[in-house]
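Below is one structure. I have some questions about it.
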Amino acid sequence: MVENWKKFLMPYEQAVSELKIKLRGMRKQYQQNNEHAPIEFVTGRVKPIDSIKEKMQRRYITEDLLEQDMQDIAGLRIMCQFVEDIHEIVGLLHQRTDMKIVEERDYVSNVKPSGYRSYHIVIEYPVQLISGEKLILAEIQIRTMSMNFWATIEHSLNYKYQGEFPETLKARLKRAAEASFMLDKEMSEIREEIQEAQQLFSYGKWQ
Amino acid sequence: MVENWKKFLMPYEQAVSELKIKLRGMRKQYQQNNEHAPIEFVTGRVKPIDSIKEKMQRRYITEDLLEQDMQDIAGLRIMCQFVEDIHEIVGLLHQRTDMKIVEERDYVSNVKPSGYRSYHIVIEYPVQLISGEKLILAEIQIRTMSMNFWATIEHSLNYKYQGEFPETLKARLKRAAEASFMLDKEMSEIREEIQEAQQLFSYGKWQ
Amino acid sequence: MVENWKKFLMPYEQAVSELKIKLRGMRKQYQQNNEHAPIEFVTGRVKPIDSIKEKMQRRYITEDLLEQDMQDIAGLRIMCQFVEDIHEIVGLLHQRTDMKIVEERDYVSNVKPSGYRSYHIVIEYPVQLISGEKLILAEIQIRTMSMNFWATIEHSLNYKYQGEFPETLKARLKRAAEASFMLDKEMSEIREEIQEAQQLFSYGKWQ
Amino acid sequence: MVENWKKFLMPYEQAVSELKIKLRGMRKQYQQNNEHAPIEFVTGRVKPIDSIKEKMQRRYITEDLLEQDMQDIAGLRIMCQFVEDIHEIVGLLHQRTDMKIVEERDYVSNVKPSGYRSYHIVIEYPVQLISGEKLILAEIQIRTMSMNFWATIEHSLNYKYQGEFPETLKARLKRAAEASFMLDKEMSEIREEIQEAQQLFSYGKWQ
C-alpha cells in the first residue's frame, strides 16, 4: 500500500483546514449583513486510512488511481436550516474562483431508494505545498440538519449490515427518513416567517 | 446599568470556555472507550448585553440581583442523538465534583404547551480570577438534535411575536414540533441497533 | 469616517484567518518531513480601528485611498529560530501561486537606526466574498524570536514617546537591541549542530 | 509496558486542555484591566509515548510508579516578558483553589551549571472522568521568552549528545546563555518604562 500514508494525506489535511475556514467565512458574512445565513455550521474530516483501504478494495481502486478515483478523501459538510438554502449554497460555490467544480450529484431532488438525501459537489482545489502547487479533489456535502441526522445513522447501520438490512430495520429506517423529510417540509412552510424573525435579533452565537 | 459590562461578563466568558472543554472531554472519553457517546456536540455562549438588558426589564430583575436571578448569562448546550442519552448525561453531571447542581427543569418529560422539549440544569461553578475565586451560575441545556432544531426556530419566532403568535403560525409550529418528536421516537426504536453499529467502526470524526 | 467599519474590515479578518492556516501548514510540512522548520510560530491580527484612524491622520491617508495606501490592515507575523530561516521563508512565499508579492522591505540586512530588524513583505491576496472576489493587501513580517521580542517592546515605547525618546531610554533600548542581535549571532553559529539534533527527535509539540 | 497508552494518557490530555484555557484566562483578565500581563503566552503538551518510555529507562521508573514519579507527563509553559513577571505568576498559582502545588524548583535564582534558567512548579490537579475524579500531576514551567529560546535549543542538543557536549559547542552554548541573560537584564532595566507604555494602548492582539 501507499508507503507513507501520513505524507500522502497531508495535502488533504491542509485542504480540509483551509476549506473549513473559507466556508465558515461565508456564514460570517451573512451574519454581519444581518441576513439569514444559508449555512448553519460546517464540519470536515480526512478519510481515515482504514476506510480508504476498505473502499479501495470494495471499488477496485488501485493505488496509482487513488488520487483521481477516490473523490472524498477530503470531505466537507455544510449543514443548513432549510432545503431552500442548499441551492443558494450551490450557487455561491459556483461563483468562487479558488476552487473548480468537477462534479455534482443532487440526491435532494433525486432521493436515493434508501431515503438518503444530500447534495454532493466534487471540487478540484489547489494546495500550496513547500514543493509547489498540487491539485487535489475534495467532496462537499450540503444538507439540512435533519438530512444529516438521518444520514449519520444510516451510515453506521450500513456499515454494520453492509447494505443487507433485516426487513424490520429497513422499514424503521424508512419511517425515520419520512419523519426527517416531514420535518424539513414543515420548516420550509414557515421559512419566510423564521427568516424575517432572525433578521430582527442577533442571538448570542452558540459556538 | 452595570458600569462596566466587559468586566462583569469576564468570569462568565471564562466559565463558558472551561465548561466547553470539560463537557467535550466527556465525549472524547466515550469515543476512546469505543462506546456510544451520549454527547454529539457541545456549544456555549455568553448572553449578549442587549438580551441581558431586555430580560432584566421583562423579568423585573434589578442590577444587584442580576448575578443570582439571571441563571443563563453563561449558557452551555449539549446535543445528543437519542432521548435516552439525556438522562445519562444528567447522571454524569451529578457525579462531577467541579460543579454543583442547584436546579433542574425537565421539559423532556414535561413538554411545554408550545412544544418545547429540553432538559435544563443550573449549576454553581467556581471561576479562579486573579482577584480570587468567584462562584457564578451557568445553565446547561441538554437536548436531542431534533429538539434543538425546533427550539432554535421557535426561539427566533418567539422573539419576533413576543409569544403572541398568529393562529396559523401556531398551528404550523405545532406540526413541526410533532414531526420533531416523531423523528426522536423513530430513532429511539432503532437505538440499540445503531449503538451496536457505532461500536463497530470509528467513523472519521467530522469536526 | 468609513461608515461601517465592521463591514470594511471583514475581508481583512477573513484573509488573516486563511493566511494563518496556510502559513502554519508550511510549518507542518517540514515537521512531517522531519526537517528543520524555518517557521517557529505564526500570529496574525487585523489592525484595531483606533490604530487605523490614528495612522490615517499621521500619514495623511484619506478614506478613498485607505485600501491601497495602508498595507498593514491585515498583518501576519512569522517567527523563526535563525536569521538564516528568514530567507528560506521569503523564497517559499515567492513560490506560492495563491498570493502576489507587491513589495519587500529588508530591515534585516538594513537595520533601522533604532535597532529595528525584520523582513516585511506586502502581498495582494484574493478573498472570496459572497458578493464576489476582492483583492486586498496584507503585510507579512518575518523575524527571529529575538527580533520579535525587541520589536514588541520598542513598539510600545514608541507609541508612548511618539519617537521622541529621552536619551537614557534611547541608550538602553540600543543596548537591548545589541543583546538581541548578539543572541541571534550566537545561535547562528551553533545552527547546524542544532538542526541536526532537531532531526533526531520529534519533541512533543508545545502548542 | 502500559497496555493501553491512549487510555492512560487521556486524563493528561484533558488536564493540559483545561489548564491552557485557565492560564490563558489569567492573561485576558490583566488585558481587560488594562494592566501589564505577566503572561505573554501559554503552551502545553502531553509527553510523547517514546519520551515517556525513554525517561522510564533512564530514571529507573517502573510502570506502577509512573503516575507519581514522572511529574511532567502533562506539561504547561508560561512565557513572560520580564524576569519579574515570573514571581507574580508563581504568586497567582499559589492562590488558586483548583490545583495544589506539591513541589517548586527555582532555576531562575539558582541557574543550572549548563546555563538553564526556568521556574518549575509541580501541581496536583483533579480531572473529572466519566468513571469519577482522578488526581494527576502536571508540571508548569515559567520562563521569559529569552530563557525559553535558549532552553528549547539546549534541549535538542542535549538529546543528541546525551549531555556529553564537545568542548567548543559547550562554550558556544554558554555564550548564547549569557546573551540570553543579558537580554533579560537590559529588558528589566527598562521594564517600568515599558509597562507604563503598554498601559497606554491596547495593541491589536496578535494571536
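Things worth noting here:
A, B, C and D label the chains in the order they appear, each numbered from 1.
The rule we apply is simple: a residue touches a chain if its C-beta (ideal position, glycine included) is under 8 Å from a C-beta of that chain, and two chains touch if they have at least 3 such contacts.
Since the model is a prediction, treat every value here as computed from it, not as a measurement.
Counting every residue number used by either copy at the chain A-chain B contact, over half are found in both chains. Of all chains, A has its CA centroid at the greatest distance from the CA centroid of chain D. Centre-to-centre spacing of chain B and chain D amounts to 35 Å, using the average Cα coordinate of each chain. If you average the Cα atoms of chain C and of chain D, the two centres end up 26 Å apart. If you average the Cα atoms of chain B and of chain C, the two centres end up 41 Å apart. Residues of chain D found to touch two or more other chains are absent.
Taken as a graph of touching chains, this assembly forms a single closed ring in which every chain touches exactly two others. Taken in their complex, chain C has these residues touching chain D: 43-48, 51, 75, 77, 81, 145-146, 149, 152-153, 155-157, 159-161, 169, 172-173, 175-176, 179-180, 182-183, 185-187, 189-190, 193-194, 196-198, 200-207.
Put simply, chain A touches chain C in their complex at residues 6-7, 10, 13-14, 17-18, 21-22, 25-26, 28-30, 32-33, 92, 95-98, 126, 128-130, 132-133.
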